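Report on one structure; see the data block that follows.
Each chain gets a letter, A, B and C, in the order it is written, and its residues are counted from 1.
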Amino acid sequence: MSPVEMNLEARFDAYVAEEKKIEPKDWMPDAYRKTLIRQISQHAHSEIVGMLPEGNWISRAPSLKRKAILLAKVQDEAGHGLYLYSAAETLGVTRDQMLDDLHTGKAKYSSIFNYPTLTWADMGAVGWLVDGAAIMNQVPLCKCSYGPYARAMVRVCKEESFHQRQGFQVMLNLAQGTPEQKAMAQDALNRWWWPSLMMFGPNDADSPHSAQSMKWNIKRFSNDELRQRFVDMTVPQAELLGLTIPDPDLKWNEARGHYDFGDIQWEEFYNVIKGNGPCNKERLAARVKAHEDGAWVREAANAYAQKQKAKKADATTHAA
Amino acid sequence: MSSKQHEWPLWEVFIRSRQGLGHKHSGSLHAADAEMAIQNARDVYTRRQEGVSIWVVPAEAITASSPDDKEVMFDPANDKVYRHPTFYKLPDEVNNM
Amino acid sequence: MTEGQHLQIILRLGDDALVLGQRLSAWCGHGPILEEDIALSNTALDLIGQARNFYTLASSREDQGRDEDQLAFFRTDKEFQNHLLLEQPNGHFGDTIVRQFFFSAFALERYAFLSRQLVDAEVAGIAAKAVKELQYHWEHAAQWIVRLGDGTTESHEKVQASIDHLWSYTGEFFNADEVDAAGAEAGLLPDLEVMRKAWNASVEACLAQATLTRPEDGWMQRGGKQGIHSEHLSYMLAEMQVLPRTYPDATW
């Protein structure tokens, strides 16, 4: 690193430490740019892959109202993916490059979406737990040091709050419904609880990127802090639903003022990341198929736009 | 395959949230042409009644000031405090001026 | 027009909207580009909203007291009276756009009439909202027809094939049965011959701009309005109705 760069970097660090925002064309360390591109694109990929498990139930939603709500929610996720891709694009990467990275398996997305949605209750559990965990992760990002990411997250969080509420309402209706519905709700909680806790990422001691991201004000709280907050928030909600969280070690710790909870099966977590989850292949294949099936459509629109441009240019030349 | 194909151009979207207010930058999107950009902007950025009017501008058509010139461009206004009404101390009797 | 026919007209309007909305919502997550996913979902949401409005109105008028969900989830394919075009599978993006294009041109005219008629104020109210939505659906579809038609050789061929294939499902729009005739005589429904002319004019103008060929009017499929559907509807309903029918006592 040259002295000039060192000086720039020191100024950058000081600037960020003062809670000031970085905008697209400002100087930034290469590693900061790379970290953001990785994190924002991964976040965007998670939104669009995340459309699939819930999209799975749009056609089978059990009432017209639920169908409309679910469709609007999954549509929002497309919007969130779009806001986030746009934020990443301000850092000099194209959406096509990011999609290529997703489609070739180079880029990751949240592992939670590699789990199947087996019953309607999963729409409740995903909204309540998965969106709940996502919001916990995302709210601090509204204050992240990179302006476009922070602005995208403000928009995302505003829209996301209905997602969790509708999920909880689905669960509530099931929990108060017929015995079969209640069993459906409990089964969904059983399957989604642990994967939801894994959404906060590895324990702090094993989280490779965390320290630098905290220093740069990209990340504001540690994985374990957020996970604890999520557990503390969710346990009373489960009680309200009359459902049992599938963790025999879960109990209130008066001294800590928090719930203690059991050990997470990290072996499963790393296997799902590696591609061995129940739906990794389907999810990625569905994204690749949509992109490839759409190639002729995107190309046609481009060709038409080019023709129109040429016509306009032609008309202007003749007029002149 | 996809990387060789031309991506649709990027557009910046500006939305007037209600009559009487100016258009404000909302975000960006991809569209092949201007009509599509307007429609996409409507579908992406006004799903919750966020707007009554939309502008779309090809991102490449925007000329921006350089962040390196920030100090040169904007610092000189710092000491022109006489442009602000609070600079002028007037007798209390005219405090509504 | 008998009361039964009046009710049937309202249900048919709901069925058209629901069947197309159900089809279109399957694109969510699978569109050619994220922006288009969002656009198609918006259109689907409009249609589902229209269906709910018509079903709720029907529910308030019929003596069986079935609510919107009972009408949507507990009627068989024989009882659905949507046009055949709307239940045709999504196919590729061109097929979907052509289906949308043909229907929107028809529905826009129909809603415009329904919003002006004075026979049923509640239908007019629903139609007045829907006509704005349909104007947008029509423009969106028509723009795509032009882009695909006048885009690449591949897109031109593909969308022309979609048009040729789906053309035979458009005749049903204008093929008046007893219910249509009674509705038109009462002033609730438009004269379908007038509709045919308006539809042809808008469709032909757009196809010409898109450098596409309007197929000859040959044999036209029919039966949807009488509950005689293509093979596709029963599958669609089986999927759509599975939960309420499996758990008939549940509320969701």
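In the analysis below, contacts are C-beta pairs under 8 Å (C-beta built on N, C-alpha and C of every residue); 3 or more make two chains touch, one makes a residue touch a chain.
Because the structure is predicted, anything quoted here is derived from the model rather than measured.
Comparing chain pairs A-C and A-B by the number of C-beta pairs in contact, the larger count belongs to A-C. The most central chain, judged by the distance from its Cα centroid to the centroid of all protein Cα atoms shown, is A.
Taking each chain's centre as the mean of its C-alpha atoms, the one that lies farthest from the centre of subunit C is B. In this assembly, the C-alpha centroid of subunit B lies 40 Å from the C-alpha centroid of subunit C. Subunit C has its Cα centroid 35 Å from the Cα centroid of subunit A. Work out the mean CA point of subunit A and of subunit B, and you get 27 Å between them.
Touching two or more other chains at once are residues 8, 29-30, 32-33, 36, 44, 47 of subunit B.
Shown for subunit C are the residues that touch two or more other chains, namely 33-36, 38, 42, 147. Multi-chain contact residues of subunit A (touching two or more other chains) are listed as 72, 75, 79, 82, 291, 295, 298-299, 301-302, 304.
Chain contact summary for the complex, subunit A toward subunit C: residues 48, 51-52, 55, 58-68, 71-72, 74-75, 78-79, 81-82, 85, 120, 170, 173-174, 177-178, 180-181, 286, 289-291, 293-304, 307.
Interface of subunit C with subunit A (complex): residues 18, 22, 25-26, 28-38, 41-42, 44-45, 48-49, 51-52, 55, 68-69, 72-73, 92-94, 146-148, 150-152, 154-155, 158, 239-240, 242-244, 247, 249-252. Subunit A contributes residues 23, 25-27, 72, 75-76, 79, 82-83, 86, 89, 94-97, 99-100, 103, 151-152, 155, 159, 291-292, 295, 298-299, 301-302, 304-305, 308 to its touches with subunit B in the complex. Listing the residues of subunit C that touch subunit B in their complex gives 33-36, 38-39, 42, 136, 139-140, 143, 147. The residues of subunit B lying in touch with subunit A in their complex are 1-3, 5-8, 10, 27-30, 32-33, 36, 44, 47-48, 64, 66-67.
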